[in-house]
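There are two complexes below, and they share subunit A, which is joined by subunit B in the first and by subunit C in the second.
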Partner chain A sequence: MRSNDGALKEERLAFPFLVPALVVLCGISLYPLIQGITRMFYTYRALAQQTVFVGFQNVELLFQDPLFLRAFSNTLVWTITSVGMQFVLSYWLATMLNSRFLRFRRMFRGIALVPWALPPVVVSLMWRYIFLNGGPLNTILHSLGMAHPPNWLTDPHLALWTCIITNIWMGIPFVTVMILAGLQTINKDIVDAAAIDGASYIQTQVNIIVPSIKKVVLIILTLETIWTFNMFDIVFILTKGGPGNASLTLPLYAYENAFMYYQAGYGAAIGLLILLCLLVVVVFYIREVLR
Partner chain B sequence: MRMSPVKQVLLHVFVVLFMLLLAFPMAFLLFNSFKTEQGIIASPMGVPREVTFVNYQEIFTESTFITNFKNSSLVALATVLLSIIVSTPAGYALSRFRFRGRTMFSMWLLATQSFPGIIMVLGLFTVLKTYHLLNTIPGLVIMYTSFSMPFSIWLLKGYFDKIPVALEEAARIDGCGRVRSLVKIVLPLSVPGLLAVGTFSLLLSWNEFFFALVIMRDNAHYTLPVFLARFMGSGGVVRWGPLSAAALLACIPVLILFMLGQKYLVSGLTGGAIK
Partner chain C sequence: MKRLIVLLALLIVTFWAFGLIAAPTKLTFVCPAWQADTVKAVKAIVAEWNEANPDIQVEINWQGWENLDDYLLTSFQGGQAPDIFHEDSVMCYEYGMLGYAAPLNDYLSDDTLSDISSSIWKGVSDDKGTIYGMPLLQETLVIFYNKDLFADAGITVPADGMITWSELRDYAQKLTKRDENGEVTTWGLLAPFEQRLWWCLVNENNGHVLQQYDDGTWHVDIDNNARQAIKSFTDLVTVDKTMPQDILSYDFMSLLQGFKTGKYAMFSYGCWVRSWIERLTKGKLNWGMLQVKGDKKTVTESDPQSLGIYINSPHKEEAAQFVRFFTNTENSARIAHADWLFPVRQSALERPEFQTEEGQWNVAYQWLPYAQDVKPHMFGFFSWEWQSFLPQLELVVLGKEDLDTALSDATTQGNLFLKRMGLQ
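On to the complex of A and B.
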């Protein structure tokens, strides 16, 4: 009885503090989510100029739509390679920035953070300029002796990879800082002791470093996967999904359907598929954070 | 532990290369903003041979840049304040009370990360339309607050957890209520947490593009990212001179504030993830 009373009392105390957040959460998060999902049951008929209920038709259409399948496979490539490369490069950079033999450590760490603060739109147009046909990168390649440097933005085999490179660049600061913070929690004496006992580089990594930063690594990987899967700005600014649909990704395709072709229902169906993919990832994220 | 001199040199070489790669692209914006269009074509990556201010002049006098800059500033300021106001009490409740649905609430906060932009923007479009908030700054601010709130609550909860409950209990014996003890005792000790939340919401609201693109419908209401994207897309050829000038100016405020606040943001982000 007593404990029950106590719990109720805490709820009465907590509730007033939670009201503003609950209002925002229900009104501007939960309701729009449900509202957005229900859009996929409707379609806009341009001739009749009305929106009609079509059940799961939009979802069924998805799997017969070659453009959707293209965008889906592009998004998988985009997410896996971006997150993978971001992690590898950031791990390398973080290890170096964590080395006690590095001078000017604070200055280097400050510089490494810069891309994090920049608006993704600015990052994208900056890299669009760099990748331009007569732009800086090709000027360098040309002076290095490459007679015909690639058309980074307009070659269908390269366009998606050009976007991926930009995304990797943009993500490095966040991942590096998080890994670095993880590395800094490791007691250097233990690493030294392992070295004295004759542990190899690989043994030290596998037995000491990786277990110590496992949690932060899992959080970074899940968060980056979610953010990258949802990323819209870079592809929109760099290639608009082109040439043709070579670099089309799901968020861009959903946007085009909803806001350029008046097919909000189809856009919502694409959104639902994104949500289903990301729910799998977010479960791992929540489990790690709450652990 | 020692490191051979060769390895030490290599370490510095690689780090410097990384830094160049991370910082140098910004230099193109700077250089191009002071070149004429012909100057950019003639030398796409060098320092400007003769410095010109025509690009800056153009974006200030012939575009809506100043209005869009004001919009972005207003949106960012309002989002930062509103995020703090909404998140502080919720973070406090999560930290101090054990209530039913507490775990559900936390899980929901974390799960919002995974909601696809397209679904949210379709739903929010309807909500904002109902309240006549489409194409308005308050509409954008409300949206951004809902985006920054989950993380802000989580971060502040982490900070409040570190403040001993005993401090508040002592005050309560002296007749201090919950709200007063939050404002007078807990908040002054959580300034780093508030700065972290502020930096986070600033980055989010200043840099966000997708939702602003859909919600804001005309030049007078665009925020800077939308202005830049529209400026790039207007006309056949991209005019890199004025675009670079505008892009550079759009980065400066957020870069300066980020450099001041990054220390708090980083420790807030990693504090929860590492323990």
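On to the complex of A and C.
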């Protein structure tokens, strides 16, 4: 009891020292958020040449805007597919890198990190070059006998998937390293015991490995979902949301409205909706972690 | 001791005050010039100004055209914008409407006003006549053509280089070559969407895509003349297949290489590209320029550029002095010539260097009377075009939608957008 009292007293003493840091943190995090929310209630009227208060009109307009609905559905496809594929491929890669039978493990682990070390802009420009109509990928496909290789960036059915492929390639290293770190915490005796008991590879993965790294998986999925949902660079550089808005995503649409169409309020409304969507993910994550 | 302290204090205050008084006014000038000769010309003019005006020093802030709008808009919103900026005329007007660009009427002399055509002034002015940009440069949109490929196809172009819509179509068909597998080896024409040849055609046909009603509101209302013009453009890709889908996603250097190697027999671009063709082909390519004339009138895109002043600049008067110097007859001619463009001042245009045969200045010059800003003078034009109109035309070009459906969707979505912009 006495020790608890002591801790409480210490915390009270520490609080005033934390105030400056908390003020700075609030300033940096909360001020832009409040600004964004406030801006959502205003819009610029070109004929009147003034910014006017419109209440929730920007939010109402979102649901009448076919482009917003398209961007929203594209963002869901983009996020779910990217995160899902990143996880599956990274899990497979991490398992291989964790194998004691693999030679040059350290070298492969180093190489696997390379794409993560590249800035998204560089990655996007690199893949844009690869995917160009006359680029290396189509040249290879053509030389392999494909008379009409796909137009990766200008086919409305392919543009979004081209962006997804790029994002998967860029995200795999981080997810792999995280899973690998989780795998290395598993007591090998348990895995060996399961093997002696006759558990198959699948049974070992499902019943032992995955439950053992559940928290790591949750962290990865949460972070990747947030990052991918918010990802702007790849789509902006590869397709700019085109052709025909086929690969338009919410962050890009918010940016276009705020910085190209002089519709900062509308852009802020889209930003708030992104925040709400991601809050659902974060709440789910916190609930699972605290369970 | 007291006297010494007082004397020292007086000295410090005097030096401080003198320093303040003597400190020159510093102006920041955002400049998107990128061609080597233009950069050199801009640097020279600014250096001359700085030497002649020690009390008003100008510092150049170089920016690329591709991120200029973003840079300026965020700078304006953050209250940290440059004093002077070089932009498309239409953007000066838009920044004026948004309250970021200063009205310049008080800084312009009658001589300056009468030296530049009224249509150019209109591009930087609002309905009330407030001017938000000092015009500097203009161009003519031309069609570059490979003379050898034309000769091989047996095409003889008119002496004045002006061809009709049907001749353009006919040339493109004759020039498009395919190999034994049906693969195109030479495309007749490449007219990138963003270069707005199709907007010229709409204007030549007296067509309207955007209409301003009597109450001042703007509406997407595509008339038949405009539909006919747009169809004639998209048919080159979808029906004739003489223009590639690359008009959506081309790379400038690849385009030039393609012209050099014969992949494209004709391409549409601003007349300043002459410098790049000369540089890239080193005089080894036999090339020329064409202009498309319409049945009803002939129009080419002038795409004018201007200088604007930030409304919250603490040194607007000094900035205006610099703008007057930078855009005077002598300097506007120097910049225009270095950039392979034309000055907007009539007094500068009359100079002989803009009418020489070398670099085919005379050919591009002869079409200046047809040059006009083909973009409707609507606030938010680029936003509307980028968000709701071009994406629909892209689908047509890609063969994913027919023109009627695309234009119908463009009308619905465009009007929704204009309403959101407060233009309806």
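Descriptive notes on the structure:
Convention: the second predicted complex is superposed on the first by the 270 of 291 C-alpha atoms of A that agree within 3 Å, B and C clash if a C-alpha of one lies under 4 Å from a C-alpha of the other, contacts with A are read in each partner's own complex, and residues count from 1 in each chain.
The working rule: a residue touches a chain if its C-beta (ideal position, glycine included) is under 8 Å from a C-beta of that chain, and two chains touch if they have at least 3 such contacts.
For clarity, every value in this text was computed on a predicted model and none was experimentally measured.
Of the two partner chains placed by superposition, only subunit B is touched by A:L18; subunit C is not.
In the superposition on chain A, no contact is made by A:V206 with either subunit B or subunit C. In the superposed model, A:F259 lies in contact with both subunit B and subunit C.
Legend: residue contacts after superposition of the two complexes on their common chain; A:N151 is shown touching subunit C, with no touch to subunit B.
By the document's definition of touching, of the two partners only subunit B reaches A:E10; subunit C does not. When the two structures are aligned on the shared chain, A:L275 is found in touch with subunit B, with no touch to subunit C. Once the two structures are overlaid, the count of subunit A residues touched is higher for B than for its counterpart among subunit B and subunit C.
In the superposition on chain A, contact is made by A:I226 with subunit B only, not with subunit C. In the superposed model, A:F236 makes contact with subunit B only, not with subunit C. In the overlay built on the shared chain, the residue A:L47 is in contact with subunit C alone; subunit B does not reach it. Put simply, subunit A uses residues 132, 134, 259, 264 to touch subunit B in one complex and subunit C in the other. Looking at the complex, you find that subunit B touches subunit A at residues 1, 3, 8, 11-12, 14-15, 18-19, 21-23, 25-26, 28-29, 32, 41, 44-45, 85-87, 89-90, 92-93, 96-100, 103, 105-124, 126-127, 142-143, 145-146, 149, 153-154, 178, 203, 206-207, 209-210, 214, 224-225, 228-229, 232, 238, 240, 243-244, 247, 250-251, 254-255, 258-259, 262, 266, 269-270, 272-274.
Residues of subunit A touching subunit C in their complex: 43-49, 61, 64-67, 132-134, 147, 151, 153-156, 242-245, 256, 259-264, 266. For subunit A in complex with subunit B, the touching residues are 7, 10-11, 13-21, 24-25, 27-29, 31-37, 39, 93, 96-97, 99, 101-103, 108, 110-123, 125-130, 132, 134-136, 139-140, 169, 172-173, 177-178, 181-182, 185, 191-192, 195, 215-216, 219-220, 223, 226, 230, 232-233, 236-237, 251, 254-255, 258-259, 264, 267-268, 270-272, 274-275, 278-279, 281-282, 285-286, 289-290. Only residues 69-70, 73-74, 77, 94, 97-99, 181, 183, 216-217, 245-246, 248-249, 251, 254, 379-380, 382-383, 386-388, 391-392, 394-395, 398, 400-401, 413, 416-417, 420-423 of subunit C touch subunit A when the two sit together in their complex.
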